[in-house]
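Same chain, two partners: chain A is paired with chain B first, then with chain C.
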Partner chain A sequence: MNKSNGKGGLSRRGFLASAAAATTALSAPAVLAEGRPRVVVVGGGAGGATAARYIAKDSDDAVDVTLVEPSRAYYTCFFSNLYIGGFREWASLGHSYGALAANHGINVVHDWAVSVDRDKRSVGLAGGGSLAYDRLVLSPGIDFRDGSVPGWDLSQQNRMPHAYKAGSQTQLLRAQIEAMPQGGTYCMVAPPNPFRCPPGPYERISMVAHVLKQSNPTAKILIADPKEKFSKQGLFEDGWQRHYPGMIERVGPDFGGGNVEVRPEAMEVVIDGEATKVDVCNVIPAQQAGRIAALAGITDESGWAPIVPHTMESRADANIHVLGDAALQGDMPKSGFSANSQAKVCAMAVRGALTGSTVFPPRFSNTCWSLIGTDDGVKVGASYEATDEKIAKIDGFISQTGESAELRKATYEESLGWYAAITGDLFG
Partner chain B sequence: MAEPTPRVKLPKSVEAGVPFTVKTRITHPMHTGERHDSDGELVPRRIINRFVVSYGGEVAIAVDLEPAVSADPYIQFEMAVPESGLLEFQWVDDDGSVYSLQKHVDVD
Partner chain C sequence: MARAAAGLLAAALLAALPAAGAGSADAERGHALFQQCKRCHQAGAGAEHRIGPHLNDVFGRTAGSLADYRYSAAMKAAGAGGLVWTGATLDAFLADPPALVPHSRMSFSGMAAADDRAALLAWLRGFGGGRSDLPSAEPTATPEEYGLDPAILAIRGDPEYGAYLAGECITCHRADGTVEGIPSITGWPPDDFVIALHAYRQGKRVHPAMQLVAGRLSDEEIAALAAHFQRAEDDP
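Showing the complex of A and B:
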């Protein structure tokens, strides 16, 4: 309310204050007068592709959208474990950006974003040149933290693959598993929280066990894990016992699983001072937001980028939005589903800011499906709302142990339907 | 099946005569003999039926395990020793195999 002079009219001070507020309110749409507002989206995964597509599609060409993504074909990290388990063909995980350009008029630039000038509002590209923006959407996914697993760095990723960004790493890991000697050992060094796809390492263990049970039944699977607990633990452990009895050993912090070093040259894993020779070593290091988020100066000491839940705007810069794995947002797990859900909230907020379109209160949702064995699917999920502090969980659901084979099969088939739907939503 | 892997966790060092915690676990499916596999065939009983810990050649603790014990049996106990010495752990399988592990206890 403006302050009144007590005679029913506005005081001089009150009038000035309200005039200043009106000017501020008008300044955003004034961008329109300078031409189409420009949105640059960095990262063409579940967050970035969704944001680019929804901003372009729903603004009816009123917004100029550029998507910066180095890969010409995008291989989804979600479902890549199923490729390792032999349930998916590699080609089925690949998607092109052709339809985003052809059907929605998005400028798709295959390059690396290497800098952000927040004052000039422009993004620098590795190939030279820069892209000016009115709003920037960063959806860069994850990078690994240097030094989190002593003995491992990116230069060792061919001897000890992470396979935690889908692509040649995934194919390499599967080839190494297939080449294991009879009775050999596959070891996973699991990551500390928080990390991309909380059930992902354990679904991968299930898929590796599925392959080895058929081709190499005396092989061993060893997990060195710094965490006390993990996602869907009861469901996975029940499934491992039913499908792969005696094959999988998880060494948690109670037996030194948090004190791990690797020796890539010797193919050894040292757990709590004791060296074990292994045949495959899948090191999934500790994680942080994709590098461009730190280069833009919007990450905090956690390594992730804090956001305003209502709009997915960075808390450090209202002209930048952060989506998906890179965002420090609250209760949502880092998943493709979450990124897709957050991107729709972001797209609505960006259109509202740039074109004046209606912005509704956000609702978020997520489901993570995991495959434990053939037709044995489980899921965990929840819905979320925006509070001032964080994206907060409202209610959730999780599969139960002892469910019928029919229900587990239906859950797996539901995940196949979801994959078709979300990839259509991203790239269609 | 894969060869069972025994594991033992001791404190880095202990004091003479002061109890400390010993954690042990072995990977083992602990087939009860009552369950059926996915083809409907009865899975024959195969469990770890005995667990023995010796200190300096003397039995410190011995445990008889029954089919109701879960897979990957985890056994934790407290013990005290008068001086540094060797602990020997043995797990006895129904098929006659014995899996063993030795750990040195260092007294400050």
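Showing the complex of A and C:
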């Protein structure tokens, strides 16, 4: 294991990466560039965009921030289920990086990070070249675990989409659902814990049911689920009963929901040895930290990257911070809200370390809304604190069954406000 | 322009007929309905700006035009675009505020019943026309209502700490002050802000997410947040 020197050293690395970085370095007085501590953020999603924006915004140019992200536009996973349900236009989920560059002076590099040299403190890019850092922030989201669903691998994602990283996969899944024959079957192979967005698969089931109820009312929905229980289970099951009676069947682990194989060629799902022909098969495999975290050597046997709760620093390397889904942090669910919350704590710690700015006590929170049917929103939320061991839950709340239609509508409307607020906080 | 002139004329006519205000049964009902506005607005002698601007002489006022109140960019733009408050425009605004002025900072979901709006506006007209004998303003939500210790209101918050703590809030409350499903909390007088958060903390206002948020804030942290959110979004 690499030993870090624990100091945000300001030593200059000779090599520069993208053309953009090269121009800045050549035209600006070299002295100035040398004096500014450098932060590289890998991943422009919920965690990474927040961290880059807050470090740049709050340090008044004292820190040089580079954001590495392959996509030109970020399509949010949050609300992608609402797109599947017809409650949201596709375009409304896309966000550009323009304002991060223009308003906050962040150097946005559209490329993949492919390696991390922890001794030299530099990140290698797929397009060639590398970026030197004093602090590195990794927020790469998730990757799928090979072999977790026998018969499925990434090469099958067009026949059996996961739609668990938003983009063309989400659009493909929606198109497949729309093209289902009357009375056909949509099957979801649900993931084991821990995975991104615990209520996500079940909100998706609700949205698929909502669409099918209108366009294909005799269609069936089958869920093969390896988990005993799932997030907001009582609320979802109550809602499914009210909105979509008889449409949804869930096979839990007691009935073989954890013993699943898929046959993409034949469009079959084999549950506990019994093959069923399906029309759409949405495979959400088991997950782990986005690959770059493992390449940096900071993940453990769980596949996730352990962190120090007070700063979000990697337990393996104090010059690297890990945010969001990729982090092994304790009690927070893997959500966009959590990633955003963690990023603010991280940004403050990074600024404190590099510029000596005030570091306030960390605090974390999360709220996840889910839509079950038209104007039928529910939510779950909690507050968290940093302990030496983990990010620990303090207190929480959850919607109740039997709430008035008015309250459920207000809850849904809140989620619209949240979406506007958090995307503004990420990309504004 | 024609609309503005008509509005002014209507206001002048009505001001000349104070009977249309105070006394009538409709106006009584209007007074009761003003409860819904009172949290944010004052009207009457000595009325001050609170969360929203005072509503004396609102008939005939160009939207967003009082110099000593910090309006949202959206409200100022509406005024610059020719919006003048008349019976008709106020009726439309109260029915569905964002439909008339999108992105305004007024967190009010609307008053659905046309006769309620008419009654409320009839009552508000009583506070127009530059009258010198206005009934005195009723205070907005006061500390007494929630039994808040005045010492708590006297705490001076640290805006730098408030700015950090605000990171949690603006994941839900839009930093630009726009209302959308979640109320606007920018540009608030600190007292109103402190009172609202203590009301959630004490469970006197019920909302699970806000009660959770407020439940772990200390008095000093609430004061720090109030100092931060006192600023409107476009303040330096």
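By our rule, the second predicted complex is superposed on the first by the 394 of 428 C-alpha atoms of A that agree within 3 Å, B and C clash if a C-alpha of one lies under 4 Å from a C-alpha of the other, contacts with A are read in each partner's own complex, and residues count from 1 in each chain.
What we mean here is this: a residue touches a chain if its C-beta (ideal position, glycine included) is under 8 Å from a C-beta of that chain, and two chains touch if they have at least 3 such contacts.
Nothing here was measured: the structure is a model prediction, and the numbers come from that model.
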item: Simultaneous placement of chain C and chain B on chain A, clash or fit; value: fit
item: Which superposed partner A:Gly86 touches (first chain B, second chain C, both, neither); value: neither
item: Contacts of A:Ser365 with chain B and chain C, given as first, second, both or neither; value: second
item: Which of chain B and chain C A:Asp272 touches, first, second, both or neither; value: first
item: Contacts of A:Pro192 with chain B and chain C, given as first, second, both or neither; value: neither
item: First (chain B), second (chain C), both or neither touched by A:Pro264; value: neither
item: Chain B or chain C, by number of chain A residues touched; value: C
item: First (chain B), second (chain C), both or neither touched by A:Gly256; value: first
item: Which superposed partner A:Gly352 touches (first chain B, second chain C, both, neither); value: neither
item: Which superposed partner A:Ser341 touches (first chain B, second chain C, both, neither); value: second
item: Minimum distance between Cα atoms of chain B and chain C in the superposition (Å); value: 23
item: Residue numbers on chain A that touch chain B, as the complex places them; value: 183, 217-220, 222, 241, 245-249, 251, 254-256, 272
item: Residues of chain B touching chain A in the complex; value: 1-5, 7, 9, 23, 25, 27-29, 31, 71-72
item: Chain C residues within the chain A interface of the complex; value: 160-161, 164-165, 167-168, 170-176, 178-182, 208-209, 211-213, 215-216
item: Chain C-facing residues of chain A, complex; value: 54, 337, 340-341, 344, 348, 358, 360, 363, 365, 367, 379, 381-383, 394-397, 410, 413-418, 420-422, 424-425, 428
